[in-house]
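Labels A, B, C and D are assigned to the chains in the order they are written; within every chain, residues are numbered from 1.
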Amino acid sequence: MNARLDLPPRLALADRYTAVRSQTLALAAPLSEAECQVQSMPDASPVKWHLAHTTWFFETFVLATHVPGHRPFDPAFKVLFNSYYNGVGAQHPRAQRGLVTRPDLATVRAWRSVVDDQMATLLAMPLPPGVADLVELGLQHEQQHQELILTDVLHLLSCNPLAPVYLPLPPALASHPSVAPLQWIAQPGGLVDIGDAGSGFAFDNERPRHAQHLRPFALASRPVSQGEWAAFIADGGYADPRWWMSAGWDWVRQQQVGAPLHWRRSASDSAGWQVFSLRGLQPLQPDAPVCHIGWFEADAFARWHAAQHPGSPPSRLPTEAEWEHTAQAVWPQALAASNLLESGALRPLPAADEGGGLQQLAGDVWEWTASPYTAYPGYRPWAGAVGEYNGKFMVNQMVLRGGSCATPRSHIRASYRNFFPTDARWQFSGVRLARDA
Amino acid sequence: MNARLDLPPRLALADRYTAVRSQTLALAAPLSEAECQVQSMPDASPVKWHLAHTTWFFETFVLATHVPGHRPFDPAFKVLFNSYYNGVGAQHPRAQRGLVTRPDLATVRAWRSVVDDQMATLLAMPLPPGVADLVELGLQHEQQHQELILTDVLHLLSCNPLAPVYLPLPPALASHPSVAPLQWIAQPGGLVDIGDAGSGFAFDNERPRHAQHLRPFALASRPVSQGEWAAFIADGGYADPRWWMSAGWDWVRQQQVGAPLHWRRSASDSAGWQVFSLRGLQPLQPDAPVCHIGWFEADAFARWHAAQHPGSPPSRLPTEAEWEHTAQAVWPQALAASNLLESGALRPLPAADEGGGLQQLAGDVWEWTASPYTAYPGYRPWAGAVGEYNGKFMVNQMVLRGGSCATPRSHIRASYRNFFPTDARWQFSGVRLARDA
Amino acid sequence: MNARLDLPPRLALADRYTAVRSQTLALAAPLSEAECQVQSMPDASPVKWHLAHTTWFFETFVLATHVPGHRPFDPAFKVLFNSYYNGVGAQHPRAQRGLVTRPDLATVRAWRSVVDDQMATLLAMPLPPGVADLVELGLQHEQQHQELILTDVLHLLSCNPLAPVYLPLPPALASHPSVAPLQWIAQPGGLVDIGDAGSGFAFDNERPRHAQHLRPFALASRPVSQGEWAAFIADGGYADPRWWMSAGWDWVRQQQVGAPLHWRRSASDSAGWQVFSLRGLQPLQPDAPVCHIGWFEADAFARWHAAQHPGSPPSRLPTEAEWEHTAQAVWPQALAASNLLESGALRPLPAADEGGGLQQLAGDVWEWTASPYTAYPGYRPWAGAVGEYNGKFMVNQMVLRGGSCATPRSHIRASYRNFFPTDARWQFSGVRLARDA
Amino acid sequence: MNARLDLPPRLALADRYTAVRSQTLALAAPLSEAECQVQSMPDASPVKWHLAHTTWFFETFVLATHVPGHRPFDPAFKVLFNSYYNGVGAQHPRAQRGLVTRPDLATVRAWRSVVDDQMATLLAMPLPPGVADLVELGLQHEQQHQELILTDVLHLLSCNPLAPVYLPLPPALASHPSVAPLQWIAQPGGLVDIGDAGSGFAFDNERPRHAQHLRPFALASRPVSQGEWAAFIADGGYADPRWWMSAGWDWVRQQQVGAPLHWRRSASDSAGWQVFSLRGLQPLQPDAPVCHIGWFEADAFARWHAAQHPGSPPSRLPTEAEWEHTAQAVWPQALAASNLLESGALRPLPAADEGGGLQQLAGDVWEWTASPYTAYPGYRPWAGAVGEYNGKFMVNQMVLRGGSCATPRSHIRASYRNFFPTDARWQFSGVRLARDA
């Protein structure tokens, strides 16, 4: 799989269209028709739905609007595969996506093929104003769904007591280098600018670039490791209300949470834990970043960590401004060393010990921040139906930064804002600590 | 499909085994792998699960117990495909059957084939005592799941807004003969015997045969028709608490029930209704029995019907003793004229108008009775794990009688007791009225 | 309290009216205004509501209908204190009865007083036809609510961690006689008549008297004791699916049921249990009938009991016909020795050991039967709005027989049918075993 | 009531203790024992519980810790009236506070009296370090519960279909002055400081004072009025997904929200609406601030308002930094003109039209902001158990500013941060619009 996913970051639009679209199919390739059909929880979607909805995006927002005389593949699909765009019309209920067995997978693939041909024709001609941007948006949208395909499939397979494997683990990925010792990288703060400043693609929620005032702070050199998390569990971290937000403590007790999602007690493993992954059930990787934790857990860990180091400024989550300001300065190097989708690992890896400095800002695991997901000052949603893309979700969610081992390389940016509710755990989500200087 | 399902009612055990098992596969034949995988609600099961669980039954209760040295196809399947037998061990949670994508459909089919071969070997030899009974139980069990395959598939397809078709409607089945006028067939009652008296197969819940005292009563000559039900709706039947049990009235309002399951308002149809079926979306059949009603609805209709006929003894549901006593006398004729699975109609049909008498006691629709499902006096469950088959469900359910258009002919008996909770509607369930003499 | 409640069973109607109505007030006397206000669960009602609703019954069904020119105390009360009579009009939602703080308790008492005066005037004159029956129904209705006042107050007080006392335990009631050994009282069965045959008051659901055919059976001489129930618990009865109905097993696990309602583990008590009661927290009474069990538990105990006595016909619950047929023959003696409300014990007592025979058929605890609550053959509800009294509840409930320590003596009959769902436990409900002969 | 509540803002601590504690009793005075007992929803608490819990605070955090040899009034109350302090020990479940009928109201009042005597003795002596701060915290805590008493009582009374009155409306408050026209008050922004800077009491969440960078903005001169809200409803505001956050739109449909809490359709009123209040059911006040809206509604209104004014910068909610920076400059004047608890109005009033400028920043209604409730940079919770006061709620809530007609005057500050979840509506919550300059 690695070779196939090894894409250059920027291509001509038509080539990029082809590359992104075929990467989606590659991700679905190891799955049976049945595995592309099932929806394992309301938050997840069937792979077939992802294949269809990403196609719906191009048909609805590009072809139907910008190709005169365009006729849809099937008019019923406009409602059936609309996710949440009220401006486009009605939607099939989200929790019932898995019940739509027809159109079958072959029909959805045929639809993809027809739309791809129509898009190729369009992209071969001079584009009307704004269309290139819409196509790029569609590709970025499809890349988000690529990551969701992987996390949704992981969740589905995790529901099977037989612990099936999405792709076998290559021997080279089973080794366990030692984790780099955690360092605190100091930052002076001050009045800094965050938000997208470039001329390339960015989502509306990354704009406008604006000033924020930061106190001096320090960021951990790497994310919290699985071994550190095992120590948190062993110390009774999930059973002590001191570490938890009030709502987090209610959640821990009601849901009986006692470990990251996909961790399983193992009598046969010396660490006492195994981790279910896209590679099947595997030993704990003490030196790799912990993954599949919710915000409540990240926040609780920071408070526990602070109590273990009473002489230091208390550990906490970084704000997204602290995170982005720090990342801006080292982003090219971070990308160069990153474990993103194209690495083919499909799971977080231990950081290479290269003599210090910031590691793993890009890739491996999304990093929960202390920042609720809100509009930047001066934020304006895009005009038209795509204005529903980001703005209407700016409440009751927390920002994650940096991308994961399931994020395509041409999709991630230092200014990229991912967001999920505090109890979401099925994404590749981890945590990097911060503290006041 | 008709030809393949046209089985003689009784065969030698080995032949009968082959016939029943292949009939199950025939029912799954029109479905894709994805359609065999999905579970549309907790009460329903995936078709793949039905295929596996019926095989599990023979492997667990016959081969593993009675074939020396038997080795299971896959030891994990013992838990994975156990439905509810605590005596056998743990069970996969019912509501998560649809999430088990592996073993895939091909593997389950291969398992069926291996078990069928092993069963053929066993059945070719002299059988130890009790084994023939267990095999017959396994076949009766499989026939129950044949009906469930059809009702579960119907429910699954009904969740698709595109209203897909399981099998197209043959032109001959689209005709609409007139319904026979409803007659009241009087019965003298007295001290009568009900329960299975024969030497053939019967479930433990049909025994022992025992005496019950009946007052004189009358049974309707046929089930309530769809046209009569449309009149109940038009008269505001679902909006008037006078007709409903208290719990039924709560149910109607909370679930916003206003018509039988699968009825859909239609502006284009003169009757105002269309009915979703295994044949897709079809016009209302005013003269065919109403189907897919719950007990609360059957009971409410009877009370409404009584109010329409103030000079007569009030209409009500028959007790199962009244039903069975009446059916015993005419069972061979009822079977001869029946619309069961083998007719291939896959939906209830209008009764033929043949000059009166009891019609449609066998087939078309299961008929809700006034009788809660309880143990007959002197009831003893079977010994061993199969003792969990019926007895542990004898509370908070109501008895239905007579079989439906989805019931195999060699499965139904006059003494047969089906049972479902008062709000279950996804079975082929209808109602026949009774009244005091 | 005993003296005040020691009523003769039958009085002239006006005297009986006064006696019953004042008994209701006596039951509320130990409670504060706040304790009369609170509703501890949707199934229970506030005492103030009981005081009001019983008054509503006389105003609505007697005074408003049969006293020319009658003007209601407050027209708003017609809706506010209607329980479930759709024929009377709208109802205040049941689960929100405790939120109605106005009218306050003093106003409700004043209403009672005004209605009592109006009723006294009516009852002093010759009564129109049917009115005496309605008044008697109102009194029987009020007696049902007297028992509910006690069970609802017990539930409310049980929610307080301080375990408050409704009335202190008189020293004489704290003694512990030994339980009589359990005997099996054989009955020949045959075609017997059950249902009310008398000329006195009976609910519509006790009629008509009708024949039922019974096989020979035997009834336990007394209910199951608390000591026997403790043995069931100690043997793991709540943790073994063999004893339970499927729905009961789900209930036990989901609700984490491990003992009768109001039993509490006690390290300080040799029996390991204490029982919360209207007398506060008290030691287990090993020789008194077990109380506050649901039908699922009663049924499971019988199956466990059968397994402890493998050489005998299996223990089971009696049908209500078996129970009533047995009770008819000994009812006057049963009443004479009974622990009903008038005894003032307010909890079940050990049976006196008097040399054998049937004990405690009347009083102490309601006895769950094997019989679902359904209409007798030929049942007709009363005409008019009071026809909603019983008939609309005849589904998904089980019959209990015999009355309890909270049942008024003039209210109970051998033909009396009480009914509750299978998971109801806050009534004074116990169990007497039966078995085939 | 007005006179009694007319407190000077600052008193000597002992006098202030007496004044605040007696004000709590004054708020409970119009209520019966039953009305002090009932809990109308899990979010609300019984008045008796408020009376007890505020006393628990002084006994637990002041007397038990700082008075040698102190013995609690009743040791059981430590658990019974603990709200959420895990550092103090176990807690009675929040949703069951209304079920604790004993201790009764008289006992709770006696407890208050005993604790007040003990506190008076303590406060008459030189205080150990930190105790004065704890006492002030206890008084600020009690003032928060004073507001909650009013909002919880309003919710309780609103559940009564008879629409009872807490206190009658004085004639002077029934007049309807015209609303001041809405003006936009421009602010230059820049790097500003927010957070408490004073030497007086402030909660830990108001500190530390810190810099924030603001773009130029404008704040509305007054909150949105009821008349403006009625126009939003009339324009279909609750039925148009364009105005709503995605989660808000789900909430509107699931909860069937169509107006502020306590608004009721009225055929008899020309405005079509009546509003239930502590003064009973009253006509809509078109010129008074709208009240009892949730954050989702405030946010949706702003988006709708923006669409009504297409030529202007889009209306939005202010951030808390914008709000506080603006309020700091005018706070003394704002307080002087405010409608807080001491005014005795108990409901929002129309702004006086005084020729422009910012109005109603203090009092009338809490104003929802665009800011999630999070820790200020450098935030440290208080040491010890009172550290649970604020910090553990800093997630999934939104900040409100300015106080309401139920907030005591000596309790509110320009830096005061109130916070509630996005769907909370039973507080006196309204909205003031902002926009970019």
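The criterion applied here is as follows: a residue touches a chain if its C-beta (ideal position, glycine included) is under 8 Å from a C-beta of that chain, and two chains touch if they have at least 3 such contacts.
All values derive from a computational prediction rather than experimental measurement.
Asker: Looking at the contacts, which chains touch chain A and chain D alike?
Answerer: Common neighbours, chain A/chain D: none found.
Asker: Sort the other chains by how far their Cα centres are from that of chain D and give me the top one.
Answerer: Here the answer is chain B, farthest from chain D.
Asker: Centroid of chain B to centroid of chain C, CA atoms only: how many Å?
Answerer: It comes to 38 Å between the two C-alpha centres.
Asker: Report the inter-chain centroid distance for chain A and chain C in whole angstrom, where each centroid is the mean of the CA atoms.
Answerer: From the centre of chain A to the centre of chain C is 59 Å.
Asker: How many angstrom between the C-alpha centroids of chain B and chain A?
Answerer: Those two chain centres are 47 Å apart.
Asker: Out of chain B, which residues touch more than one other chain, so two or more?
Answerer: In chain B, no residue touches at least two other chains, as defined above.
Asker: How do the chains pair up in terms of touching? List each pair.
Answerer: In this structure, the chains touch in these pairs: A-B, A-D, B-C, C-D.
Asker: Would you mind writing out the residues of chain C in touch with chain B in their complex?
Answerer: Going through chain C, the ones touching chain B are 84, 86-87, 191, 210-215, 241-242, 244-249, 295-296, 299, 314, 319, 370-372, 374-375, 377-378, 380, 392-396, 398, 422, 436.
Asker: Report the residues of chain D in contact with chain C in the complex, numbered from low to high.
Answerer: 32-38, 40, 48, 76, 79-80, 92, 96, 98-105, 156-157, 159-162, 164
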